[in-house]
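Letters A, B, C and D mark the chains in the order given here, with residues in each chain numbered from 1 onward.
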């Protein structure tokens, strides 16, 4: 950590900064420059609370040299973490599993049909929301526990493991009981109470990046889960909010190699929310695999025209089959592969 | 609502859109243009789920003419809502109350001292966090219930009503029991479970704008609270995230007249989080009052150098006294006023 | 175009809007809704100046249904435009040419060496700046005309066509005289005087997206060039500015399929500026090809450690050779190919 | 400047960084930390080109402690610069002059009428565009030289000095010849050729902030003008582009106290472009004065309904008169004042 002092800061102010750093138990290392003095903090473990120092006279700003997260970092653990959500369905290795399904569970018939289409095309897991976070209180909010039970029926029929979202503590416990992987949505990425709850559950967690979250914020939110004891976290890029109304979100694929450089956790990409437009899903899913994504989360609906939510970004079944074919080619071109199709 | 069709859309596709709209119970109003056809939806109440229509062939996009929120809108209720958090402390009328105090409750002595300074300078309410949402799990997380009890002690000593944050259901119930106004922080602005919970409690709610929330998002989140029966909502602008690292957030004061145009709810501004820099707090608090804010939320600490959080953006007591003086002048210049100081 | 009226707008205001629209020579189509009235404008050619109508009483906003650009749109010309900058080097067809070279021309030896490495690895064109737009007036500003002459020498030696930036009218004429393609940089994307100048020159133009330009802005800037008579425009995605300091820019690959949907012009991608970090260039170049880019612009320097500008994002020669191999695989997986290497 | 090395960087890499820094003529100051090593660069003048160092092995990033600009900084010149555009019209002192007028010069009658209204209400200068940068080549582009002559006629009639935009070198010379202050628009803020041109002219320059420019970028662009010898630069906040479609731009008033802290140059604010909505102009102009703006630039049109551009954000004459009254009150509340009205 580096404390930058105001140009022309009096010696007494520099000394006070040094004194406070030493009082906090660290070493202080003043560096007088041609224009400004800076004071380095050494011997810290990356968790110094900068508040006290920032508030001192003549301090202009604090520069953090070390990342604020710890257990999620490559420096904590060098080899990649492999997160297995069901036998044969692992994220973070050479294989790139595909998680597909509708935005919302709408009926038992719909979700079983979606699971069959997904499985037959080669997907490894089924997605589908039972608890839906909607911007408007008047939009369809999901089928809740009943929806979870339909997902379980679809798993019984097809063998497909389930990834589904939880929005609060009660929901997290229900999802952990019924599903194979708990999704935390973008809007709850900084709901720290919920992160702590899923950190204490014994289920893998798929953590989506918030709409305006930096990569550092995303990793800090994952740190909340790991610090409670649950190391099975899959990160997910799903687009961030920017100035261009042409698409719902800006899909930030650079997040993938960035996370791979900073963390040992796997990262998947969701081109459906990442773009919000069906025509963009296919090229951007290919791009995500080419960028090194450890998996793809994609919305596919047996009948998008009749979807209760997100119909406009859901693939038609035939498009999904074509996409799977393309993704196999791209994965192969970069030395990876999609998992072999599940047995019927 | 307006459905825009692709250039050269076949007549059959236009007819299908018309048919689906009518099947949903609304009127359809095709408008053939020189370049494209658009289909108007009439007779709707602003709550049509566009998903089904967006998914139809040849549909390019859906344009929402009516706002998606309802009870929070000026069209629902024309006169301003006055939210009273304690006798004599009301937001939304001619008076502009000031809520001041430290970022976190740190000790009984600290919070009582802060309350006294705030009251003596003319503030109307005390802020101070007992439950703290922090980006890092290793930062100070607040004193919890013990902190709430210290706030109650400060109120007993000074008569100052309390505004403090809740982060989850359990916390919301505790805050409702101890404090005068429940704050929902920026990170939880779209935590819909929590919004529903506070919507069922009998306490005013101060709802902060999320880091990347549009004004429409903010109003929709307020709609969640109103739709559960709690109409006492105060909105709060506290800065949004943009590209300039010069400040922690970009303080969007235009939100104030925008909200006043769209909604009957009061809106206050928080220049401490809105800028993140002590030197910016004073000019931006003045600017907020000049823009029409219905109140100001400001961080002030008896000893900012020793604060456990946000020390760098907290005012020194003497600065706060000077700020109150300036705010009185600006309020008066626009025909408003700060409330008379509370009796000791 | 759709004119949305305020809720409860008096009939006289609606009539006035209708009258003004008709006075402007278009048809007006009032649509009374349950909550608001909207007035459609029909028979317009997408170029109505909304200013007069927006200023009328009770008008809330104007919604543009038709895009504001014309000659660049798919609706103007359906088949893709192929832009050929030199014999055998075409953008917009099945082939994906690679343009490589250093940020700046630094010496004749450096640029000839760069051209040889690029050509030998299979690149189709040479990039290198002679006129450099730098944020600081104290940074290296390029070698100017002398740099252009060095580029010409490199072309003589290697046969590689040249793409280089122009920053003003004088520079544009010099670049048109010496090089094969005129680059307009991000900072000048809305320098309309310069766009008109290159629109009157007889050279292909590579137009980079501005730092905060929407896709619509980019297409409108291209429209300036086409409207002056120069139809040989190649668009370029090079990252936009957002909130995450982790990378210099956010590389918006969704721009590629979006542009392909809206326009007949080819679009290439620049992962070097798009990310600003050497380690991100390789995965993001692969992702750009997978997303459908019509070419790649990449910084490669014979000795990045000694570069006068952008060293940190320039590939080492060996990395560039490896990248070319990867790009061939990805292009092939999506049914495209890199051009055959040029003869020595 | 601080060079941050990768965790576990080999000693040889640290030594190489030290060697390169010393070869560049500066002092190197290695700081081994518990987690990483950082190397401080001392004795530099804030203009080190970081490129060479960033490209070295094991270097993670470069942290700039010193600002990249020089002559515009407070550290270069401590007292505020007062820029006088005409006798009695100065920016940067205690007075807050108002510059008002239409977006475009449309006719001699219109601009003279606008000048009279502005003067009679107490404005100090007249604005009005003769050269108009428009996103679309098909929008009204201004009257050019003829427009400049109309502005001169308006000055003759009313005594009001003129502020008007230049878009290229030729235009800059014409504007310098006819007007009192040359405006550089947001789209040309990083048109460095134009900045150098106006830096060599003997006229004050009003430099608008670009749509995605940081404060540091704005100051660097001003540095281009000062470094060519023209120290009479007035900065202008006019809103930046963000994610909220509710307004055309996000008006970043914190820029005002930020610039005052970093630079000696005056800064004015333009609430018309800063918000894009007439109803927002009045509260945001008040807020700008309260935040400490050294002047206000505001669009006012004799007949906004008939404006050829920006009608929707132009004030009606009566609104402008009311605004002037409000601004006098706010300025007075913070110890400043509007200039006395000009004699007729």
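For this structure, a couple of remarks:
Simple rule for what comes next: a contact is a pair of C-beta atoms (placed from the backbone, for glycine too) under 8 Å apart; a residue touches a chain by one contact, two chains touch by 3 or more.
Just so you know, these numbers come straight off a predicted model, no measurement behind them.
Among the remaining chains, the Cα-based centre furthest from that of chain B is the centre of C.
Contact count check for A-D and B-D (C-beta pairs in contact): higher for B-D. Chain C and chain D have CA centres that are 26 Å apart. Mean C-alpha positions place chain A and chain D at a centre distance of 39 Å.
In terms of their C-alpha centroids, the spacing between chain B and chain D amounts to 31 Å. For chain D, the set of residues that touch two or more other chains comprises 212, 240-243, 245. Interface residues of chain A facing chain D in the complex, by the touch rule stated above, are 2, 4, 7, 29, 31-36, 38, 40, 42-46, 63, 65-66, 75, 241-243, 245.
Only residues 212, 214-216, 240, 242-247, 250-254, 256-258, 261, 274-275, 279-280, 283-284, 286-292, 326, 329-330, 332-334 of chain A touch chain C when the two sit together in their complex.
Interface residues of chain B, counted against chain A in their complex, comprise 47, 49-52, 54-56, 59, 68-70, 133-140, 167-169, 171, 187-188, 190-194, 210-212, 217, 220, 223-224, 227, 240-241, 304-312, 314.
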